[in-house]
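Following: one structure in structure tokens, then a few remarks.
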Amino acid sequence: MTNLIEYKDASVEVRKIYDDIRAIRQTEYINNFWKALANHPPTLQRTWDTLKEVMAGPGEIDPLMRELIYIAVSVTNGCEYCIASHTAAARAKGMTDQVFSELMAITGIANMTNRLANGYQIPIDEQFKS
Amino acid sequence: MTNLIEYKDASVEVRKIYDDIRAIRQTEYINNFWKALANHPPTLQRTWDTLKEVMAGPGEIDPLMRELIYIAVSVTNGCEYCIASHTAAARAKGMTDQVFSELMAITGIANMTNRLANGYQIPIDEQFKS
Amino acid sequence: MTNLIEYKDASVEVRKIYDDIRAIRQTEYINNFWKALANHPPTLQRTWDTLKEVMAGPGEIDPLMRELIYIAVSVTNGCEYCIASHTAAARAKGMTDQVFSELMAITGIANMTNRLANGYQIPIDEQFKS
Amino acid sequence: MTNLIEYKDASVEVRKIYDDIRAIRQTEYINNFWKALANHPPTLQRTWDTLKEVMAGPGEIDPLMRELIYIAVSVTNGCEYCIASHTAAARAKGMTDQVFSELMAITGIANMTNRLANGYQIPIDEQFKS
Amino acid sequence: MTNLIEYKDASVEVRKIYDDIRAIRQTEYINNFWKALANHPPTLQRTWDTLKEVMAGPGEIDPLMRELIYIAVSVTNGCEYCIASHTAAARAKGMTDQVFSELMAITGIANMTNRLANGYQIPIDEQFKS
Amino acid sequence: MTNLIEYKDASVEVRKIYDDIRAIRQTEYINNFWKALANHPPTLQRTWDTLKEVMAGPGEIDPLMRELIYIAVSVTNGCEYCIASHTAAARAKGMTDQVFSELMAITGIANMTNRLANGYQIPIDEQFKS
């Protein structure tokens, strides 16, 4: 089992990142994902910088929709941790049961039709190539 | 290679579905996916009914966002046909280059962090379980 | 591009395996998969022995059904080569268009429901654990 | 955790679907998958209709073989819930330990050879394209 | 749940394989993977022979690096059992925390860039085709 | 099809990254992956910084081995572009045919045993949990 590094046991370098996570997310809680990555500070730093920029930085896709896209990927890959943590994050950003169910329906049929397209070996329409 | 069934060669049953696709999508063009599924009318009927309801029916997630979620899944699965056809569909619904690039960034990091969570065997936080 | 090793250019060791493939499959044709694996004779030998035993050896699942299972996996993984080659193999063993379409329908919904189960984080029923 | 909706707490609409599941499956037991989908009746309805038609409707592939195909997909995707529930369903339809083991062997080698084909970048044989 | 076959309950045929596993791995411990496969001796035999040859036989990739490759695949597929067992195996062969973290970083970005390549539908450079 | 941005058409910002890619990789050639990402400079910057650090920065896993791990992931995911480009990169770093074949063998059996572990629903051994 991966060692989870608590704030009190963290190096100055890691604490600084934890502080930034807390500030950006506006919560005292540091979740296990970050406590695990803290075992390798360069990975923690790089992953947090990327996530902060992509999920919380400026952009045209609104923050809740970003979470929905994230969940769709995590559900497709079957990542239990990510499904649980990002479903919680999406709910905190306003995801209703209705939106969650629509998300699941879309994710489900995309996974189905992806395989129908694979299996029937469907050639790409010329007009989709340009 | 799967036989693609053109409108002129289609049965009455299949033509009726093609007509509905054209009406809902407001285009004369029937893409290869449907022409391939037409080899098995029950699959064509069921798949179209499901897609129509989930992607074009009433709901809280707006139609462009549904396409983005669909693309995120297709990119994760590596379905070339679906990526090409739904990227075209999303552009037709207003997806800009900027939105597409944000979508790719989110899809990319979700695939990355899914594996970090798997590999570090991170236990799900208690508060994400309730 | 991987070098494809033709019979005339093959070593005695590889020719012996090619001869066995021809005998078991009752066809002169050696498909590209084997010609590629022939670049590494131990992999060719091991893979052929395994495939021969699992796909062509004695067993309770009949040979056509084994091909269907194989296709379902290949379609799920999106392996173009394997979909093309095993669809051809299944047709040679009697797969009709109807059976192929049923196979695609099952493969499609399994991929869909797999994601619904993931996303809804459904706990396994006690009675399925025993 | 997803709320599981019991029969006694279900709406008339959901109860009607539960009744149909019980009738088709000839068992009083409603498994967690359906109790979770019941949180969104349109998804419950659509998924059950599809599953009933594809897995329990008329067709050339016999019901046990349909379950084997379903399991092969679920094992490939690593869906724990689906593996557990459909292994139970297949056993109820007559799957022996021998058949299960053959299924695992086929699923395993298909996953292996899919990657060998990917990695060696094997071109599709001309005769598999027609 | 799969029945795990202990040495004392195993057939002569299975015990012989268990003995070989113990000899090659230089440990008395037989892990659950083998005890599960022992339910189908031909699968146990074939899988062990393959693993022994590929993971423990002569070769240019050193044994620890083979384990790292194995873990990268298992993490990508999200196979919990394989991640746990091969992480333990790699540690026994000398994998440090630093090496594990580098492995996770590589596995993570490969999964990310795989999707960027899919999504941007990037054509393969001519010079990578020869 | 994604627009590929050539050096001569690139902004100053993108040219600076292209220059860094050329310097680190010691080649004039910029491959299509970067020319595609250049459509969104922040993604180009972030992805290159990450790749440079993880694949070309200091570390205990040697550069060729990093490429092998990268290929194993790409083959598992079936990313054609990544397989082609990183196989070329690995060959440039000294990957022989023998090493490539060993890599394919390991990747293949890991994909196989991942599914055997999934399908047999094997519980994780206590000693792999600590």
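Each chain gets a letter, A, B, C, D, E and F, in the order it is written, and its residues are counted from 1.
The definition used in the following text is that a contact is a pair of C-beta atoms (placed from the backbone, for glycine too) under 8 Å apart; a residue touches a chain by one contact, two chains touch by 3 or more.
These numbers come from a predicted model, not from an experiment.
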Based on which chains touch which, give the shortest step count from chain B to chain E. 1
State which chains count as neighbours of chain A and simultaneously of chain D. B, C, E, F
If a chain touches chain A and chain F alike, it appears here: B, C, D, E
Report the chain whose mean Cα position is at the greatest distance from that of chain F. D
With chain centres defined as C-alpha means, what is the inter-centre distance between chain C and chain E in Å? 21
Mean-CA-position distance for chain E and chain D (Å): 27
So chain C residues touching two or more other chains come to 1, 39, 42-43, 46-47, 50, 76-80, 84, 87, 98, 103-105, 107-109, 111-116, 118, 120-121, 129
Think of each chain as a node with edges to the chains it touches; is that a line, ring, star, complete or other? complete
Can you check the complex and tell me which residues of chain E touch chain D? 39-40, 42-43, 46-47, 77-79
For the chain C and chain E complex, residues of the former touching the latter: 1, 42, 46, 50, 53, 129-130
List of chain E residues in touch with chain A within their complex: 78, 97-98, 101, 104-105, 108
Complex contacts: residues of chain D adjacent to chain C: 1-2, 4, 29, 31-33, 36-37, 39, 43, 47, 50-51, 54-55, 59-61, 65-66, 68-70, 72-74, 76-77, 79-82, 84-85, 87-88, 96, 98-99, 102-103, 105-107, 109-118, 120-125, 127-129
Complex interface listing, chain C residues touching chain A: 71, 75-76, 78, 80, 83-84, 87, 103-104, 107-109, 111-116, 118-121
